[in-house]
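Letters are used for the chains, namely A, B, C and D, taken in the order the chains are written, and counting of residues starts over at 1 for each.
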Amino acid sequence: MPEPIDPSLQISPQPTLNPSSYTVQLRGVTKIYPKTKFGLVDVNLRLKQGSFLFVTGPSGAGKTTLMKLIYGAERPDHGEVLVAGNSVGVLRGNRLSHLRRQLGVVFQDYKLIPRWTISENIAFVLKSQGVPRDEIERRLRPTLKLVGLQKRAECFPDQLSGGEQQRASIARAIVGSPKLLLADEPTGNLDQENALQVLSILTKLNNLGITVVITTHDMHLIQVAQAPVARIYNGRLHMVNAEQAASERV
Amino acid sequence: MLKIWRTKLGYLGQETWRGLRRGGWMNWAAISTVTVLLFLFGISLQTSWQVSGLLNQLGSQLEVSVYLEPGLSGQVMRPTVLQFPEVASVEVIEKDEAWKSLLQDLGQTDIEGATEGLGQNPLVDELKVNARSAAQVPQLAQKLARVRGVDGVEYLDEALKNLIEINRGFSRLSIVVIGLLTLTAIAVITTTIRLIVISRHQEIEVMQLVGATKMWIYLPFILQGVTFGIIGAAISWGFLSGIRQFIYRLLTDQPNFLKVVSDGLRLSNSQLILLPLILLGFGSLVGLVGSLFAVRRFALR
Amino acid sequence: MLKIWRTKLGYLGQETWRGLRRGGWMNWAAISTVTVLLFLFGISLQTSWQVSGLLNQLGSQLEVSVYLEPGLSGQVMRPTVLQFPEVASVEVIEKDEAWKSLLQDLGQTDIEGATEGLGQNPLVDELKVNARSAAQVPQLAQKLARVRGVDGVEYLDEALKNLIEINRGFSRLSIVVIGLLTLTAIAVITTTIRLIVISRHQEIEVMQLVGATKMWIYLPFILQGVTFGIIGAAISWGFLSGIRQFIYRLLTDQPNFLKVVSDGLRLSNSQLILLPLILLGFGSLVGLVGSLFAVRRFALR
Amino acid sequence: MPEPIDPSLQISPQPTLNPSSYTVQLRGVTKIYPKTKFGLVDVNLRLKQGSFLFVTGPSGAGKTTLMKLIYGAERPDHGEVLVAGNSVGVLRGNRLSHLRRQLGVVFQDYKLIPRWTISENIAFVLKSQGVPRDEIERRLRPTLKLVGLQKRAECFPDQLSGGEQQRASIARAIVGSPKLLLADEPTGNLDQENALQVLSILTKLNNLGITVVITTHDMHLIQVAQAPVARIYNGRLHMVNAEQAASERV
């Protein structure tokens, strides 16, 4: 296991003194899906507030599973997942909902609601937090503009191209100003120009202190970003530095 | 804080309305089933009211014939009989009157001759006693038979007893039927709301993933269920009133033979007000319980 | 070719079965609504049968009293009356018998004395004529009145006419109700199948995109609709039989007053066979029409 | 407009003498979506049986629209789309179904049926053509193996990773041995190794005489394949040669 590259990022099995100083912390997490016997094995990961991490690895390695564990859509078989000091695996009901409101997630399959327009899809995140209507209006436009969808606000998801849907999903993830942003393959359906645009948005958010985790297959993106890279292979997490990752065939 | 609450209530109303508006066909499935079931319930309730009304009507027409001992005058006995609390009215039929009409029925006109032939008027004075309600007739008859000066008492014993029996049976049956219907109504509305929930499971999953609370997600469904119940109640009340009017009209066209029946079928004013209220209450209760059942499985996870 | 057909039929059966199996809650929505509606239909049909049965039963108990001219013998007139096709049976009540029982009713035992007092037996011979069916009684009475030697004819004119009127009204009402119910049933099954179709629109779209024909896609839905109808028919038939048995038992516990009613309510053997067949036919027809409506909009594009 | 690069491939507005010798032919096709006023304008394209074409262009350019016009999910406002000599825009009902059975399509959003297992999803294509059960069994295994999903046959789509779903979609497109294969962004969620694997499968099919059209944002893939490239920009189709495309930022 390589040494941690960034002071804000550590991978270690031993417990820490002040766990809540980390935004995300996985301690010996194992999650194996019963049906396929695949998943993650003994993953340890610590992300300080404001860190930026790429996660890469071949198809079916377990990247999405890692994301799901962090936003609480799957629960670990063993070990503990802490987000902002809360053990996600045991949170339920309203407390889980409240935690999720501090997260922004770009899902690999977008998960836009087909019967809602793009602006309704994005506004819903704010609505469910009880943000007043005028405040929602104020935040919606700039976010749509950021991802280049200002002209698609009133379209339904099936009236958008694949890449536009992906950008809508990114807009939804960032509109609530989350403390932690999880982006699962956010540029898979984007051309390079749009992909770099998205990367620069995420970098800007990171500079504002938001913790960002991105999974990607796009080596070019990793090369450009020069950020720390974790590689999942056969369910195990390894750290690689950015250059090494880019030169490998991940 | 107030502003947030207003926003939240606005959201709920809006979502419920949106759910109804976008539900399209699904709404009609729910509303039509609720309507059918409330309609059945209403018919059953109304019929049960009408049958008891009818029985009372018929019962009050049933009279006890009290035959006095020979020589006793009906007019003298009348006050005694009227004292019984069960008695509504008493009619005296004097033996001379009765004898006259009998002989007339037989085609005989020479009344004195006939009476002389028999030696005397063979009849006695008779009191026709009406009871206040059908159920009281049997006891009343027993009491009257024990009065001094009363020779015999006659009433449609068998028939009345059976009517009362039938009424009791019908009440029990209608309780069972209404119970079953309630269960069916709840099952149907649960199914419908669950269908809607299932058809939106994708949406619901996404909502949960972006941090909406269960309350936030499921309250619109529950409000939707209650709305179904209310609309169903309104429609079925309309149907019931229409059918009732139709039957009244059918019966008032009939000759006076059916007057009794027609009067029995008429609902009292309080029943006319009660019916829509009961339907409304029952409808929204069914909607509420049904939708709670429908979301429970999902919401409690 | 045969093999391909077998594969296709296999696919259809498999898909229908799979649709039912995976439908889960949706199936129960459909089946329960069809059941409710067929149940109502069955009750309505059965009641209409029972009411006509009851009327016939009551009607056959209604008799026409034929009073002969004085001096004419009932026994002599009997064969003449029996010749009418409407007549089921004739009972002769001779005037001496009638007089005796009348006097006995009046408490008189000295029959000869009484007769002498009146000069003669004031009564005439009477024929009690039973008609074959209630509906024929009025004409029969008219015909009998015109027979030579008949002085007068009496029957429960008013009551009978009203019963027949009511029966006719009920038949019309039940046609209207059954018509409405049929429409409702079709609407409900259309809604349900359409719900299922809509909830699978994604699948259907994909099927069309990979080259499945409309037939291939929609036939399982239609078969599913028909299956709903058949299952609904079976369940509602079960309910109906159960309730009928329950009512029979309720009535046979009653004293013989209700014998007439109970006999009237009993269905004939052919009706007992007809009922499930009609329910089955109606159920599958409703399922077929409902599902055709449901897929028409999609399938005809 | 650059000259046609490959003899099997031509872009020309003028009508030809023998139109049915082309597998795909678009003549002056315009398709504008009323809601967004975007789409394709005056597209001309001819593909001979056995040709191989990459289509590229920025997000929202109209690549998916081109595919939809070819498999008949959208109808052109003007012009004509001919596939194997049939005008797709006017085909309906069973005739359209029959045409589609000769096509294999990898949809950008996979379009797997969620309630069917992967093998049911793939077998359905064969079933709806009336292929007997044993024949279906015989074809299913090798196809699953080809895309590396032999162990996921009995999983439902939501039990697969994003990339695995994409490969399942590819398997479904090729299992019916189509004459024409349309793959819309078939490697967006795949790592480079899997992407190259998919490319080699498609190349092999092409060598068997199957016409292949691939849309992609992956420059690396285009470089490796050395096949003709069409670029859609602002709703118009332009031909570029492979090297030029790869060096551009498409």
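The rule is short, and it goes like this: a residue touches a chain if its C-beta (ideal position, glycine included) is under 8 Å from a C-beta of that chain, and two chains touch if they have at least 3 such contacts.
Source: prediction; values computed, not measured.
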Note to self: Touching both chain A and chain C, which chains are there?
What the structure shows: B, D
Notebook entry, point to check: Looking at C-alpha means, what's the farthest chain from chain C?
Noted result: A
Notebook entry, point to check: Using CA atom averages as chain centres, what separation in Å is found between chain A and chain D?
Noted result: 31
Note to self: Using mean CA coordinates as chain centres, what's the gap between chain B and chain D in Å?
What the structure shows: 69
Margin query: With centres defined as the mean C-alpha position, give me the chain C-chain D separation in Å.
Written below: 64
Checklist line | Multi-partner residues of chain C (each touching 2 or more other chains) | finding: none
Check: Listing for chain D: what residues touch at least two other chains?
Finding: none
Next item on the list: For this assembly, give the contact graph shape among line, ring, star, complete and other.
Entry: ring
Margin query: According to the definition already given, which pairs of chains are in contact?
Written below: A-B, A-D, B-C, C-D
Notebook entry, point to check: What part of chain C is in contact with chain B in the complex they form?
Noted result: 25-26, 28-29, 32-33, 36-37, 40, 102, 106-108, 113-114, 116-118, 122-123, 158-159, 162, 165-166, 169, 173, 184, 187-188, 191-192, 194-195, 198-199, 250, 254-255, 257-258
Next item on the list: Enumerate the contact residues on chain D facing chain C in the complex.
Entry: 71, 73, 93-94, 97-101, 103, 105, 107, 111-116, 124-125, 127-133, 172
Checklist line | Contact footprint of chain A on chain B as seen in their complex | finding: 3-4, 7-8, 10-11, 22, 202-203, 205-216
Next item on the list: Can you check the complex and tell me which residues of chain D touch chain A?
Entry: 33, 35-36, 56-61, 63-64, 108-109, 151-152, 155, 159-164, 166-167, 184-185, 188-195, 217, 219, 249-250
